[in-house]
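Below you'll find a set of structures to go through.
In the two complexes that follow, subunit A is the common piece, with subunit B as its partner first and subunit C second.
The block that comes next holds the complex of A and B.
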């Protein structure tokens, strides 16, 4: 199911040039802000939770997910170089699964790791807040990577749609509108984080069993469907 | 022996019919797929390569369906027209990756790079390659698993004459080895120099098929039109019409030129300068007025 050559090509495409800069900028910003907040406010659990929930989990993770998820396949489909993968006796689902693993790994490294560092800076993992949000970031990395990989496979405007989803749906509606909360990767991962942290600092509107089921279903369905789409991907000529 | 069978294949995009009920059999040796730009050659090659589903009809390789069949790529090598090819890799890394995807190793990649004579630049980034070098690395990636069918979409586009010759030699060699090689081109001369067999596609239809000489004759045994300007158009017209190689001459006053219709192309081209010299007339312009490929093809379709 996992092809090391596809993985290598995907890593090099994702981490090369400009994309690595964009991937690195947000985590850096989070850490800088954390340092400033800690210096100004001191170690405060509520502040730590607000910052990690509002900036890290609601904004940074989905954006990193968009860049890594769509970037793992979108540009190749756009410029046609995916033909070199498709003209090989390699199963399409293998290509998708491998790219998913790469996208998940990249999203985790660039979102969960900085979340942990920021949490440690903010309140030294008091009340397990840093670890809880890191777990949430890890969990949502998987779902976002799968969703945005699918988006990159089916749409030429994957980045735009992805950003709209990440910023409007997840960051805005997902935090404000009650109904949208059930259908928000962010809330599902918060349910997991709540379990880790205990207490009332990290809460979710979705119960843990529901969240778990939805996370698994979304990830599996998105990956399966992306594999199907790739099987019948049409590479029209330039005529 | 590898035979690619295209059976009553059509492909439409919305209301536009790109390929219209084409049936052809591509066997071992070099076959040229000839047609003007926009004739549907790329659409056809994409269907042959399994990157596009025929709207109707089937494409099979030795009886096996091509569309949605990954295993078929063990036998097919593809050289796409598009340029994009993981520019951040070196030529060697790219060909090695292609070999690995076929379950082969660096040795196969090295052999392919040697075949296309790209070893000297294999450690440079692809982004630094010229068009011809890219084309050769694409070739290496297509040859790495020793395929029995090679599909090339406009392989000579943008190549300089020397690169063109090298690639032609290579493809000729592939054909001589008994591989089935199909390349598309909109340039008659390219096909003439290389192909044993040609298939002509015009406006999505299969216009002609067969031995190159026969089709070439169809293309040349047609009236040729020329626009001629000289120091004395009327005297030249009178002298030319006396020869059976011309069938009509019009004095185009608005253009200040002669429009000559020649029926014997070879004879006319030697006659014109001779007649001009004999009559002391200076030729100012001689240009074929219907040499565009489209018009050449339209004769073929009519034939």
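The block that comes next holds the complex of A and C.
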């Protein structure tokens, strides 16, 4: 199920040249901000929770997920070079699975790790906040990577649709319509974080069993369907 | 080519290139400004998907509708309740809808320049009479106009609705004018930032992600820091932090000079003195993005 060559190619496509710099800029910004906040405010659990929840989990993880998830397969389909990969005797679900592993790894390294560091800087893991948000970032990395990888195989405008989901659906509709929160990766991962932290600082609108089931279902379904899409992929012209 | 033909060398004035009778072009030559105008109008149409496939019309048109519908609803509410004022200021509207505006610039800026880089059509443009400055100006003006259409259309809806609801004419016209100035500056600023980022990468998807990351992350970071500074009682720092993201720049500028209510925490916008810094920052950023684009296209893919 895992093909090292495909993995190597995907890593190169995701992190090659200047791309790693831009992917690295966001986590760096988060850490710089947390240093500033720590210097201004001192260790405060509520501030730490707001910053990690608002900036790290709500904005940074989805954006990194979009870049890594769609970037793992989108550009190849876009410029047509995916046919050289597909013509090799490697099963298409294997290709998808490998690319998913790589996308998850990249998202985790560039989002969960900085979240942990930022949490430690902000309040030294008081009330388990840093660990809780790191777990949330890890969990949502998996779901986002699978979801956006599927988008990458379905549409040429995957990045835009991914961002519309992450920013408009989760942030805007999620704050206006209560029902939208049930269908949000961010809330599912917060449910897991709530279990880890235990306190009232990290809360979610979804119960843990629902969240776990939905997370697993979405990840598995998205990966399976992406594999199916790749089996019957037709290369269209530009647009 | 194995067989060698005996070459008979013609002598004297018999050597000539045959004129096979094609006519030379003797129509009007429309020149540089015409080519620039064409590039401008094509780019502007392209920003709304006109003259492109149905699929690429979906997103810009959808975002345009999403921009206008809340304005129409507000007008309807104001008319139905016989209110004396619109529920939202003209200047505030773009700030509320900033996510939609950011998405629009993120999706259309790479569409405008990245594809030219990727399919290597930039050298073809420069084989026409236009020059670097013309290309940059046409693309910049086209995206800024497209953004202006996007941001001014809901204001027009609000204004027309306000007049139909017989709200105070002078008051509404003043607010409308201030709103137009603010969205014009916003269009120039956002278009400049979007184009500079998009012109670096030939990958459309990557350009979109980079533009949206700059827009939303900077806004998220700045508003978080402002909220914390406000909560810590150091309100004087709030306006200075606002200098570091495009949305808060426009917000601060219009609350200093265009009579807007600030969306900053504590609702305290920058004073006039700080407002000057905001104006300088906005104009500087616009000029800088123009300069960077010129530098970018001095030698590109050639």
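Just so we're on the same page, the second predicted complex is superposed on the first by the 232 of 239 C-alpha atoms of A that agree within 3 Å, B and C clash if a C-alpha of one lies under 4 Å from a C-alpha of the other, contacts with A are read in each partner's own complex, and residues count from 1 in each chain.
Just so we're on the same page, a contact is a pair of C-beta atoms (placed from the backbone, for glycine too) under 8 Å apart; a residue touches a chain by one contact, two chains touch by 3 or more.
Only a predicted model underlies this, so the values are computations on that prediction, with no experimental measurement involved.
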Subunit B versus subunit C as contact partner of A:9, first or second or both or neither: first
Subunit B versus subunit C as contact partner of A:34, first or second or both or neither: neither
Contacts of A:22 with subunit B and subunit C, given as first, second, both or neither: second
Which superposed partner A:63 touches (first subunit B, second subunit C, both, neither): second
Contacts of A:204 with subunit B and subunit C, given as first, second, both or neither: neither
Touching partner for A:231 - first (subunit B), second (subunit C), both, neither: first
Contacts of A:54 with subunit B and subunit C, given as first, second, both or neither: second
Intersection of the subunit A residues that touch subunit B with those that touch subunit C: 239
Subunit C residues touching subunit A - in the complex, by the definition given at the top: 52-53, 55-56, 59, 99-100, 103, 106-107, 203-206, 208-210, 212-213, 216-217, 220-221, 224-225, 227-229, 232, 234
Residue ranges of subunit A touching subunit B (in the complex, touch as defined): 3-6, 8-9, 12-13, 16-17, 79-81, 83-92, 231-239
Subunit A residues within the subunit C interface of the complex: 19, 22, 26, 29, 33, 36-37, 40-41, 47, 50-51, 54-55, 58-60, 63, 66-67, 70-71, 74-75, 78, 156-160, 163-164, 167-168, 171-172, 239
Subunit B to subunit A touching residues, read off their complex: 13, 18, 37-38, 40-43, 45-46, 49-53, 68, 70-74, 76-78, 80-82, 84-86, 88-89, 97-98, 100-103, 141, 153
